[in-house]
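What follows is a set of structures for review.
Shared between the two complexes below is subunit A, which pairs with subunit B and subunit C, respectively.
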Partner chain A sequence: MKSNSSKTITALLFIMLQSSFALSAQTGSPQQKGLWVAEQIDRADEGFVNQVSKAIMTLRNKQGQQSIRSMTIKSLEVDGDGDKSLTIFSSPRDVKGTAFLSFTHALEPDDQWLFLPALKRVKRISSNNKSGPFMGSEFAYEDISSQEVEKYTYSYLREEEVLGAKGYVIERVPVDKKSGYTKQVVWVDGTHWRLGKIEFYDRKNEKLKTLTFEDYMQYSNKKWRSRRMEMMNHQTGKSTQLTWSDIKFGQDLTVRDFDQNALKRVR
Partner chain B sequence: MTMLDRMKKETFATRWAILVTGHPLVFVFLGLCLAMGLGYGGKFITISSDYRYFFGEENPQRLAFEKLQNVYSKDDSTLFVITPKDGEVFKKSTLAGIRFLTERAWQLPYSRRVDSITNFQHSYAEGDDLIVKDLVTEEELADPEKALSFKRLKEIALAEPLLRGLSINEGASVTSVNVLMTFPGKHSMEIPEAVAEARKLVIEFKEKYPGHEVHLSGDTMLNNAFNEAGVKDMTTLTPAMYGVIILIMFILLRSVSAVFATFVVMLLSIVGGMGFAGWMETPITPPSSIAPVVIMTLAIADSIHILKSILEALRKGRPKRDAIVEGLRLNLKPVFLTSATTIVGFLSLNFSDTPPFHDLGNITSVGVAMAFVLSVTVLPGIIMLLPLKARKADDNLSQWGSVMGSWVTQRRGPIAIISLLTTIIIGLQIPKIELNDEFIGYFSEDNTFRVDSDYTMKNLTGIYQINFDLKSGESQGVADPAFLAKVEEFANFLRDEPMVTHVNSITDVFKRLNKNMHADEEAQYKLPEARDLAAQYLLLYEMSLPYGLDLNNQVDVDKSSTRLTANLGFVSTSEIIEIVTRAENWLKSNSPENMHTLATSPVIMFSHISHRNVVAMLKGTLLAFGLITLVMILALGSVKYGLLSLIPNLVPIVLGYGLWALFVGEAGFTIAIVGSVTLGIVVDDSVHFLTKFNLARREKGLSVDEAVHYAFENVGGALVVTSVILVIGFAVLMLSAFKMNYILGALSALTIGLALLIDFTLLPAVLSFCGQKKTKK
Partner chain C sequence: MKKLLGFFGGVMSLFASSMVSAMDLPGEFSGELSFEVRNYLGKGAYGNNEKEDLSIVLQPEYVVAWEEGRKVVSFEPFMRFSSLDDKRSHGDIRELSFVGSWDLFELRVGISKVFWGVTESQHLVDVINQTDLVESPDGEDKLGQPMINLVYVSDYGNFECFLLPYFRERTFSGIDGRLRTNLTVDQDHPVYLHGDEERHMDYAIRWSHYQGGFDWALSYFEGTNREPELKANSRATMLVPTYYKSKQASAELQYVFGDWLLKAEGISRNSALNESYWASVLGFEYTFTNYHKGMDIGLLYEYLYDERGEKSGSGLNDASFVGTRIALNDEKSLQFLLGGIFDHQNGKASNAFLESSRRIDENWKWSLEGVLFANPSTGSFLDLVKRDDYLQARVSYFW
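Coming up: the complex of A and B.
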C-alpha cells in the first residue's frame, strides 16, 4: 500500500507538471505535442468512476469462418494507478463462468488472475503475456487493457480529419520491452478526444493490425464510448469485431468487487 | 493449302526471295524492329520464387492446402539449423547464441513467428499458479544461480514431444530456430529479400558466436532454390550453348558471314521469345528458364538448312543473289512446315497442369515463329550485304546417304521386323518408369539448398511436412475428451510410421497442462478428463502466451478443429503417397466421420504433380499428334504417306521412354512433356525425308526404292547435321542445376537421336514395303 500511494503521488505530480505545459505544448516539440494529445485523451476519460457493459467478440479467419465469444466487463477507475477490471465469460459454453481479473499498472507489469469454475480455483497468470492474443482473437491483451499515459512515449505527427472533425495523428512507442509492437499510430478527434483509429506496427516495424472505432455514443455522464471496434490483421487476413452493449456507468461497485475472492463469487 | 501450295509454292518463294535480296537493308531493318519491339518486353521479366506457381489455380491439392492455410495460418518456414562444433547445445555460449538468433529473427522481413528451444513456452506449476515462460531466459543465462542447470534444461527439452525430433535431436547436438514467414505475394523479390536477410543474420551469428555451423532449410529456402536454379540455368546454360553452337557452325559452314548471320537470327529469336515473356508478365521459373537454349537449338536448324542450300548453289558457281534465291526457294516450305509442327508440339504444353510448362511452350513457340520469320528476312538480308564465299565441299555425306539407301532397301524385311519388335518390347517397359518428385532431389548435389536440407534430414528432422485438418464436428469441440483421445491415437499411429520424424499435436499441450494443473505430478501427464476442464486449461494457457507464440496456427477460430502436422524424413513420392493413404485410411476406419480428412502440404502437391501432368499431357500430346499428322497429310498431299509418317514420329518417342525406363528408371514430372516437345522436333526429319521422297515419286516418276535413294542422297546429310545440333542442344540442358531440366534434356536428346535412326531405317523400309505391295497387286 505504501509504495502504491507514493506512486500515486509521483504520478499526480507528473500529470500536474505536464498539464502546466499544456498551453505551450501545441507549439512545442513533437514529443511535447504528442504527449499533450495523449493527456487530453486520458483526461477526457477521467472520472467515469466505474463501468459495466456486455461485449461480444466475433472472430473471423481468412476462410470466412467465424466464432463468437460473449462476456460482461466491469471496470473501476483507480486514482493514480491503472484501472481494475473484471471480465466474466458467458459463452462459449465450456468457459462459461470463467472470470478474468486484472489490475493495470502504468509501468509495472499488470497483475492478472483467472478463475476456472471447472477447477474451482483462482490461478495467477504470468506477467509476460500482455502481447499475446486475448481469447484467441486479434486483440492482444495490451490492446484492451486501460491505456495509461505512462505506458508510451509520444510524438506528434500531423493534423487530420478524424470522425468528421478536426483531429490529430500521433505516434506512440511502448515503454515495455515485452510489448509486441514497435509503435502505434493513433488518430483522435480534437473536440471530444475520441479515438478514431489505431495502427499497430510489429517487431520488424511493419503494419500488423488496424483497429477502427465506430458507432460512438455519448452517455449521461458525458463520456463517449465506441460500440463497435474492428481489428483487422493485415498479415494473416484474420479479423475480430468487438461490439458493446448495455453500457452503464456509476454502478454500485467497490474495490471489494475486484479482488481475488470476488472472482469466485462471479456466478 | 495444298492447292494454293501447288499453284504458288515455287513462285511465291522465288518472288519473296527476289524481293528480300533486292532490298536487304530494308528487311534486316524490319526484322530488327520486330525483334526489338518484342524484346522491349524483356524489361518486365521477373523471376518467380514461389513453388505454388508449379500448380495450376484449379489444382485440387493446391486448393486443399490453401484452404488449410486460410483456416489456420499461411506461412512458409525458414529453418536455421545450428550445430555447435563441440556437439553440445546445452551450454552457455550456444544457448545465448540461440537466444540471440531467436530475438533477431523476429525482425527478419515477413517474419510472423519464431520458435526455438530458448523461447519454447515452458509451463510448470509453482504453488497454485501456472507459470508459462521462455525455457531459457536472458536473466537466467546471465546469472546461473537463478537458473535451472543445463542438465535440467536438456532433460526438459528432450522430454518435450513438441521439441524432441523437431527443434532438438536425440543427442542434443543439433538444434533449430524456425521462423514462420507470411509473404504477401505482391512482388517477386519478397523471398530473395527475406533469404538475403536470413543469410546476413547467419553471418552475424557466426561472428558473434563462433564454434557453430549453420544450415538453412525450409519452404522459403526451397522457393529461393527454384529462383536461384532458374537464374543459374539462364546464366550458365545459355553461354555454354553459345560456345557449342559457334563451334558447330564453324565446322559446318566454314564461313564467318554465314555464322554471323545465323548468330543474329538466333539472338533475335531469343530476344523475341523472352521479350514476349516480359510483355505477358510471365514469371521465369526453372522450366521456362531453358527456353533460350531450346529456341537457340531450333532456330539454328532453320538457318542451317537455308545456308547449306545457298552455299551449295554458290559452289556450283551461281552468282550470290541467285544462290540466295535458290536457297530460299528450296527451303521456304519445309522450314515453314517444320516450324509449324514444332510450334504445335510446344503449344500443346498448355495442356499441362503445371503453368511453368505453359510458359516454356509459349515462349519457345514465339521464339520458333521468330526464327522462321528472321530466317527468311534478316538471314538472306545479311548474307546479301556481307561477302560470302563457298569452300570446297566434301561430299561424303551424300555418298554415304546413297550407300545407306541401298543397304536399307535391300534389307527392308529384317529391318522392319526387328525395329518393330524392338519398339514393342522396349515400349512395354515404359510403365516401369518410377515417378519421383521428392523436391529436394530436384536440385543437384552441390546445390546449397540440397546440401543443407540433406544435413537437416540426417541430423535433426525431416523437412517434408504433411498436415491433417481434424474436425471435432462442433463449435469449441477441440476440448472434447473423446475427440482429443482420437487425435492422440492418430498422432501415435503416425509416430509409429518409420519415416515419420516428428508429430505436432495439440494433445501434447493438453497433457502437459493437465500435469501442470496437478502440481506437476508425472502420473497426471494425460488428457484432461472433462470437457469444460480442458477448455478452461486451454483458455488459461492461451492467456499466458506471449506475442506471436499463440495457438492460432494449430486451432481454428471456432476451436472446432485442430491442425496436426507430421514431419517426414527421406521419402520418395511413392512412399509419401503410401504413408498418406495409410493415414487417411486409418482415420476412415478408426475415427468418426467428422475427422475423416485428406492430408495436405506442398510435398503432397508435388507427389501428385507427375501423375496429373502425365494425364493432362496425354490429351495434349494426342491432340498434337492429330494436328501434326493432319499437317503432314496436307503438306504431302497424300493421306497414305501422311498416316505413314506416324511411324517415324511415334516410334522414337516410344523407344525413348522405354530405354529410359530400362536404363534410368526414375523420373519426375518433366517426363510428361518430353513427348510433346520432341514430337514437334522429330517430325521435322520425316517432313524433310517424305517431302523429298514424294517429290521423287511424283515429279521425277521414280520407283519407290529409287525415291528412297533420292531422299537419302538429298536430305540425308542435312538430317544428320540438324539432328546432331538438336541432340547437342538438348544435351546442354543436362548441365542444368535443376534435375527436371536434366531429364528433359537427356530424354529429348535420346529421342531425337533415335528419330534419326528410325528415319534412316524403319521409315525407308516401310516405304519400300508399301511400294512393293502396290506393284505386286
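Coming up: the complex of A and C.
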C-alpha cells in the first residue's frame, strides 16, 4: 500500500513536471521557452554512454576544388561533466596519427591535448581558440565541440515545420566572449529533438554560415544521428560536407581510453 | 620531377601494401618518403667545402592494433642516404615495440621513443632517447631506445618506471660532412668510464599529472649521460666521444590560461666527471587566435640558463630565445616558425632559423628550413659550426 502511494506520488510529480515544461514552452517568457527547447535537445542525447564513428570532411572552395580529411572520433558521456572525446586523424596522410584529446566542461575552459606523432610529443593546448577553423574546414572548433546547455543563453522565436514535423526555431547567444558568433538560430523538430539547421551570425551580426543536417538514422539505443552535415559559408562561397559512417554506440570504452596514455597509443 | 617522385612513392606504397595483403597481414602500412636538398651558403671551416647535400629519407611504418587499440605493435625503420656525408647516411629502428593497456597499467616493451618536457627552444629534461644529431642541428631527431616502460595510472597521475638496457651513441657528421667540429668524432671507438659500457642498465622514474590549467612532471634518471664529452685522442687526429654515468633530477610545469601558455623546465645533474649543476628554461607562448581569416600568430619567448656558464658548451647558458609561429589554418596548412637566440654574455645574436611547410595535396607536402649562425659564444658548438649556414627544401610523399 505504502509503496503504491509513493509510486502514485512519483507519477503525479512526473506529470506535473512534464506539464510545467509544456507550460513553459507555451506560456513562459521567450527566454524560458528557448531554454526549455535547448534542454529537450540535451535530454534527447542523454544516455548515449559512448560513441565511436568514422568521419570524413570534404572541403570545397569556390572553384570546386576538393580536399579530404578523415578521422575516427570516440566520445564518452561523463556524469555531471561535459563529454570526453578523442579524435584520431588518418588523412591527409601527413597528419596521420595526429590525435586530439578533449575534456569538455560546461563553464570552465575545456582541457585539450594534442599528440604529435613525429616527436611522440603530447602537448597541452589552449582551448581558447574556439572561432578558428578545424583542419582548414568551414567548421570552427566551437561548432564540433560538445554542445552543453550552459554554453549559451536562449530565446524562443517561433514554431515551424522542421524535418517534416512540427518543430521550433530558437536563437542562442554564446556565453563565451571568445566565440566567433554573436548568435545562432537553431531549427529543431519537436518530437525527436533532432537539429534541422543552424544559422551562424558573425561578430558584425551578419549571416556567416548555414549548417544543415541530413540523412538522419535512429540507432538501437533510440538515439538519432545525422549522417551528413553540410556547412555553407555565405561570405566566402566555401563549403564543407561532414559525413559519418560506422556509427557505434555502447562500445567497451572506459575513461582509460580517453587519457594521455591512450593519446600516445592510438593509431 | 614531381611525377617521377610520385612514381617512386606510388611503387613503394603499392609494393608494400600488396606485400601486406598478399601475406594476409592484419595491420596497416604507411610511411613517408622524402627528397631533400640542403645547400650550405659558404665553404666549411675545416676543409669540408662541399656545399650541396642531396638526401633521400625513407620512414615506413607498419602497425597492428587490436582490442579497440589497447594493444599495439609497431615497426618503424628509418633510412637516410646522403650524397655528402657517409656518416649522415644512416639507418635506425625508430620503433619496434609492443604497447599494452590494462585497467590500471600501461606497458611498453621494445625500441621506442619518449618525449619529456614543455619548452620549445631546448629540451633539457628530455633524456630517454639519444639525439640523432646528423639529422638536424636542432637536436629534435632522436634514435630509437630499447626500453621497458611500466606506467601505473591513478587518480593522482601517472607513475612510471623505465628500464633502459642498452645505450645508443650519439651520431656525428663525418669528415666530408658539414655541421661538424674541427676534428671529426671517432664514432667507432667510443670510450665508456664504466665497465659495462653500452650494456649498463639505465633507469628512470617519473610522476606526471594535471589539474585545471596546470600540467606537471617530476622525473629522476640514473645512467649513461646522453651527451658525451669530446676529447682529442693522443695524436690529436680525432675526437673521442667519452660516455660517463650521471644522475639527473628534473621538473617541468606548464600553465595554460586564455591565450597564454607559461612553461618552465629545469634539471639538476650530477655526473661521474664530478660536475654538479643545474640548468633551466623559463618562457611563455602567447597566441593571437583567429587573428585574421583563421590565422593564428604565436609569440614565443624563453630564457635559457646553465649554471656551468661558458663551460656548458652549448652557448645557451645565459640566452634568450625569441620566436613567432604563424599558422594560416587554411586547407593546405601553411605555417611558419621563425626564431632566434640571443646570447646575453656577448650581447649578440647566436643564430636564427626559419621553418615553413605547406601541403600540396592528399599525399604530398613541401617544407623549407633555413639556419643562419651569427655570433655564437666562442668555443660553443654553434661557434664551431658557424660557417655552416644552410637552406633546405624537402618534398615528401606520405602514404
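The rule is short, and it goes like this: the second predicted complex is superposed on the first by the 242 of 267 C-alpha atoms of A that agree within 3 Å, B and C clash if a C-alpha of one lies under 4 Å from a C-alpha of the other, contacts with A are read in each partner's own complex, and residues count from 1 in each chain.
The rule is simple: a residue touches a chain if its C-beta (ideal position, glycine included) is under 8 Å from a C-beta of that chain, and two chains touch if they have at least 3 such contacts.
Because the structure is a prediction, the values reported are computed rather than measured.
Visitor: Return fit or clash for subunit B versus subunit C, each positioned on subunit A through the superposition.
Guide: Once subunit A is superposed (C-alpha atoms), there is a clash between subunit B and subunit C.
Visitor: Quick check for you: in the superposed arrangement, does A:Gly47 touch first (subunit B), second (subunit C), both or neither?
Guide: neither
Visitor: Between subunit B (first) and subunit C (second), which, if any, makes contact with A:Leu114: first, second, both or neither?
Guide: So A:Leu114 only meets subunit B here.
Visitor: Return first, second, both or neither, reflecting whether A:Arg203 touches subunit B, subunit C, both chains, or no partner chain.
Guide: first
Visitor: Quick one: classify A:Pro133 as touching subunit B (first), subunit C (second), both or neither.
Guide: The answer is both, since A:Pro133 touches subunit B and subunit C.
Visitor: In the superposed arrangement, which partner chain does A:Lys62 touch: subunit B (first), subunit C (second), both, or neither?
Guide: first
Visitor: Return first, second, both or neither, reflecting whether A:Gly237 touches subunit B, subunit C, both chains, or no partner chain.
Guide: first
Visitor: Look at A:Gly250 in the shared chain and tell me whether it touches subunit B only, subunit C only, both, or neither; answer first, second, both or neither.
Guide: Neither partner.
Visitor: Per the contact definition in the header, classify A:Thr98: touching subunit B only (first), subunit C only (second), both, or neither.
Guide: The answer is first: A:Thr98 touches subunit B but not subunit C.
Visitor: I need the one stretch of subunit C that runs into subunit B once the two models are overlaid. Options are 115-123, 151-159 or 223-231.
Guide: Among 115-123, 151-159 or 223-231, only one stretch of subunit C overlaps subunit B, namely 115-123.
Visitor: Show which residues of subunit A both subunit B and subunit C reach, each in its own complex.
Guide: The answer is residues 59, 61, 67, 92-95, 119, 121-122, 124-126, 128-129, 131-133, 136, 178, 180 of subunit A.
Visitor: What residues of subunit A sit close enough to touch subunit C in their complex?
Guide: Subunit A residues touching subunit C: 59, 61, 67-68, 91-96, 108-109, 111, 119-122, 124-126, 128-129, 131-133, 136-137, 178, 180, 251-253, 256-257, 259-262, 265-267.
Visitor: Can you name the residues of subunit A that touch subunit B in the complex?
Guide: Against subunit B, subunit A makes touches at 59-63, 65-67, 92-95, 98, 100, 112, 114, 116-119, 121-126, 128-129, 131-136, 140-141, 178-180, 203-204, 235-238.
Visitor: Which residues of subunit C touch subunit A once you look at their complex with the stated criterion?
Guide: It comes out as residues 28, 30, 32, 63, 65, 68-70, 72, 74, 99, 101, 103, 106, 112-115, 118, 140, 151, 153, 158, 208, 210, 212-213, 215, 254, 256-261, 287, 289-290, 294, 296, 329-333, 359, 361-363, 365, 396, 398-399.
Visitor: Residues of subunit B touching subunit A in their complex?
Guide: 67, 69-71, 73-74, 106-109, 111-112, 128-134, 182, 184, 475-476, 479, 517, 530-537, 539-540, 542-552, 555-560
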